[in-house]
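Take a look at the structures below.
You will see chain A twice below: alongside chain B first, and alongside chain C after that.
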Partner chain A sequence: MNLTIAGITARGLFGRRRFLLLFPLPVLLLVLTLAAKGAGVAPDHWAPSVIDGMGFAVMVPVIALIVGTGVLGSEIDDGTVVHILAKPLPRHQIIVAKLVVAAGITAVTSAVPMFIVGVLVDSVRFGVALAVACLVAALGYSGVFLAMSLLTRRPVLVGLLYVLIWEALLGNVLTGTRVLSIHQYALTVTHAIAPNDLIKAHVGLPAAIAMTGVFLVGGALLAIDRLRSFSVAGETS
Partner chain B sequence: MPADIVPTQAAPVEPSGGVIHDIGYQRYEGPRLGRGYAARSLYVHSLRAAFGLGRSAKSKIFPWLVVALVFMIATVAVAVRGQSGTALLGYLQFTDTVSMPTLLFLAVVAPELVSRDLRAHVLPLYFSRPLSRSDYALTKLGAMTTAAWLLLASPQLLMFIGGVFSRKDGMSGLLDELHDFGQGVSYAAIAAVAFSALAVLLASLSSRRAVAAAVIAGVYLVTAPVAVVLATLGGAIGKVSPVINPVTLIEGLERWLYGRNTGVDIGDYGVVYLAVAVVLLVAYVALLLARYRKVAA
Partner chain C sequence: MKTVELTNVSRWYGNVVAINNVTMTLGSGVTGLLGPNGAGKTTLLHMMSGFLAPSQGELLIGGEPAWRNPGIYRHLGLVSEREAVHGFLTAWEFVLASAKLHKLPQPEQAARRAIELVEMTDAQSRRIETFSKGMRQRTRVAAALVHDPEILLLDEPFNGMDPRQRLHMMELLHQMGSSGRTVLFSSHILEEVEEVSGTVQVIVAGRLAASGDYRTIRRLMTHRPHVFAIRSTDDRRLAVALMHEESVNGLDLDQGGLTVRAGDYGAFTRALPKIALREGLRVRQLIPSDESLESVFAYLITA
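Showing the complex of A and B:
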């Protein structure tokens, strides 16, 4: 962990217009919750689609995708990554700093609206459960998307494929793929902390926690390895 | 040879003044292929580019991955139908099943067709030809629509051939099958037009392909859950809300036009779906044309 790298990363993230993309989804989530609550419909009708369908399936991965591919990807894109690589820093310090910033920002921007939604829907306990689940998901996604930004030149696209095809499409058709889906781990964590009928878990809690760790550590190790042999290339095709 | 031009071979007569040599440049006197020809060429080129034909192997990966996926689904449908006799997947249902891969195909290909030209600043080269700005925009849209339609309709042709051979009721069965197939490909055309108009418009706003792809996928990603949540509220809002998402909009339209239960509850508001679809299409095309009237060439 290197505080200077973390500081530069955070500044680079907040200093871009891209950062504004983080806000519409949480706002939309809150607006929908308030609208549904205002309409007076029972929460079991709309809460699953707000919390699971909108929150965990879309908001958390999209925020994680924007942040996770932005912390290193934008520096690779504009070429300034060379300045960091030229410093006598172990690669793991760079990756860990980036990962902490990515997971931290993702967790805060997604956990706060989810906590409010949880409190509005059910109880403070449910809100806490959702917030913790957001943190878990943020850790897993950040590991994957950070590694992705080093493995491919189009990390956003590959990340979207993972979210849309693997988690959304195959998660519903081939239920076995749920074991490898961060989305499902978040649902499991929610269910473990605040068991109710609104959120259904499909993966066991030990498996969910272990697999999140695998995604996080695996992504970090992969990223460190790729950064060791990183070659600065110009824009191709 | 005009009299006032000094032949090359002649020795320079006036050492002080300049001399124009005739080095044999010739005017083009062949036929001039006009606007239609230019548009047609651009259309064919764009349609080929949509599938990466004539491009590097790297740009073929994604389009053909999607093509392989949709044909795989169609093949499974044909095999199951041949073995069990009942259709697992109808023609209309096919388009809905593959709508997600199709959207991703559009998210990747539409920026490939449109954003690349913006980024490379080659539009002045296009517009210095007889091709007008609106010709360019409409041609690109046409190529994108055709590519999306081919992606949706050609697997259905496979399903049709398989279906005809697995039927045992002769001529009436063939006509029956042909009717279903016609519905399927016409619905595929509706889907192709609806998706492409939005995708090309969004792609034309950004010169960065990655950004354009993310925006196109993002519009779907964000509107889908909103539509689902609003639909659970019931009432008139719940029945009309699917129109905000391109996929559920055409599914609602499908239910109204062809009467297939698509899971989208449209109630008595089928006309609203048609009206919204038409208004959106007109708006997308108008905005696209406006964009290309303004774009820096």
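Showing the complex of A and C:
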């Protein structure tokens, strides 16, 4: 991995105001958990909604979307990507560095609050399961959203459509769509590590792991290919 | 010496032709890329720097295709028109990062040399977002020069620089050109091009309108009379004598002296000393007054 690119990417991400958008959802998740726990309500009444409905369905994909489209998309938008591309670097080095930063920041930002929620709800094992599931989801989402920032000029919009329409809406109506849902892979991983009644899995573990790999590697390969053909917008002055 | 070679290169966007069948070879020395706004200069530079695929034709940098070939950046330095830089980095960090991305054996030393070259040593510890436009531009030039490239492409490099910085940048380009490097810079300010380079590539409406030394280009424009400003010991007598000369198309006489329009540059400049000698006149001043780049450029874009 190219550490120079990873360093610039991470500093660029932390230096933008957009980074502040990462924190409200984890804070909200923790506040809801503490409030429910403090009120003495049994976890099976609220934990599925908080962990699945809020954590995996909203928090993880939104954080991944902000970070995944930010690591390269922001540089494309402001033109700074040219400084990195005008170097004799194989394009896969650039994409791998961006991917590691995106997946790493997404995983840490989402896994830490989810681990705390898991411990508060059930046990340390459940917390670890949620954290590992966040890591898996972070890898899958980062591959997809990084590729989207090179495939479309509106990666955030397309990413939101995937999360809201495909995963949230169609995933509840058409069960077949769950095979292509990173959200479902996270639930499967959680259930495999800490089986309980709070989280239900709809996809087999081998399929979930394999498909996460497909999203990650496929997204990376697509991004590498698009970056090789990166064109500067056609001003003709 | 690394060259930039374009063979029948065209680029179009839908129905709009931005670059139309351009063939040129750039060798060592400084070349100015000239053209009115919208002529296609930036499109051409984007293609040369590997950031745009030609729709047709072949574009080689040091013998290698520019498109989809990051290897060209080992020999190529690029200063693009867009000013965007990573503003959260200091100038030192920015140039050092460039040196590291080029995988130079001694990146710190290379970064130090490049920063000294653009006279940014005193400000190197400041974040780039605090810089003026000219300082940013010099920092970008330092990053482009950090690997000592054999080919340097600059899009409007003097933008935002004050006169002293501009002079320094011109000297730098001169030095690079005279040390055998291939330097191409675009500019819409004719005086800049005239100062830095005699050799120009003129793009008009996507086509290569002229190429070479602009004084030579002017002399080849035989359909346009050459204008000379002449002062002599007796301008009126000289005017009468010149009217008999076949190469003279017309002349004006006023208090400032004679303005002669000659159809044939060579014939007129050979005839003038003989006429002056025959008439017993002394020519005190003979200035080709439309050989400036501005005149050549004006003739080309109105042709």
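Here is the rule we use: the second predicted complex is superposed on the first by the 233 of 237 C-alpha atoms of A that agree within 3 Å, B and C clash if a C-alpha of one lies under 4 Å from a C-alpha of the other, contacts with A are read in each partner's own complex, and residues count from 1 in each chain.
Just so we're on the same page, a contact is a pair of C-beta atoms (placed from the backbone, for glycine too) under 8 Å apart; a residue touches a chain by one contact, two chains touch by 3 or more.
What you are looking at is a predicted structure, and each value in this text was computed from that prediction instead of being measured.
Peer 1: Could you check whether chain B and chain C clash or fit when both are placed on chain A?
Peer 2: fit
Peer 1: Look at A:Ser49 in the shared chain and tell me whether it touches chain B only, chain C only, both, or neither; answer first, second, both or neither.
Peer 2: After superposing on A, A:Ser49 lies in contact with chain B but is clear of chain C.
Peer 1: Is A:Arg154 contacted by the first partner chain B, the second partner chain C, both or neither?
Peer 2: Touch status of A:Arg154: first partner only.
Peer 1: When the two structures are overlaid on chain A, which partner does A:Gly79 contact: first (chain B), second (chain C), both, or neither?
Peer 2: second
Peer 1: Name the contact category of A:Leu169: first (chain B only), second (chain C only), both, or neither.
Peer 2: Once the two structures are laid over each other on A, A:Leu169 reaches chain B alone.
Peer 1: If you stack the two complexes on chain A, which partner ends up touching A:Ala57: first (chain B), second (chain C), both, or neither?
Peer 2: Only chain B is touched by A:Ala57; chain C is not.
Peer 1: For A:Val41, is the partner it touches chain B (first), chain C (second), both, or none of the two (neither)?
Peer 2: In the superposed model, A:Val41 contacts chain B only, not chain C.
Peer 1: What is the contact status of A:Pro24 with respect to chain B (first) and chain C (second): first, second, both, or neither?
Peer 2: In the superposition, A:Pro24 contacts chain B only.
Peer 1: How wide is the angle at chain A between chain B and chain C, using CA centres, rounded to the nearest 10°?
Peer 2: Superposed on A, the angle at chain A reads 80 degrees.
Peer 1: Just checking: does A:Ser231 make contact with chain B only, chain C only, both, or neither of them? Give me first, second, both or neither.
Peer 2: In the superposition, A:Ser231 contacts chain C only.
Peer 1: Measuring by CA atoms in the overlay, how small does the chain B-chain C distance get, in Å?
Peer 2: Minimum over all C-alpha pairs of chain B and chain C: 15 Å.
Peer 1: I'd like to check the shared interface: which positions of chain A are touched by both chain B and chain C across the two complexes?
Peer 2: Correct list for chain A: 237.
Peer 1: So in the complex, which bits of chain C are touching chain A?
Peer 2: Going by the criterion above, the answer is residues 13, 16, 18, 37-38, 40-43, 46, 49-53, 68, 70-74, 76, 78, 80-86, 88-89, 97-98, 100-103, 143-144.
Peer 1: Using the touch definition up top, name the residues of chain A that touch chain B in the complex.
Peer 2: Those residues of chain A that touch chain B are 24-25, 28, 32, 36, 39, 41, 45-46, 49-50, 53-54, 57-58, 62, 154, 156-157, 160-161, 163-165, 168-169, 237.
Peer 1: If you look only at chain A, which of its residues touch chain C in the complex?
Peer 2: Those residues of chain A that touch chain C are 2, 4-5, 7-8, 11-12, 15, 78-80, 82-91, 228-232, 234-237.
Peer 1: What residues on chain B touch chain A, complex-wise?
Peer 2: So the residues of chain B touching chain A come out as 56, 58-59, 100-101, 104, 107-108, 210, 213-214, 217-218, 221-222, 224-226, 228-230, 232-234.
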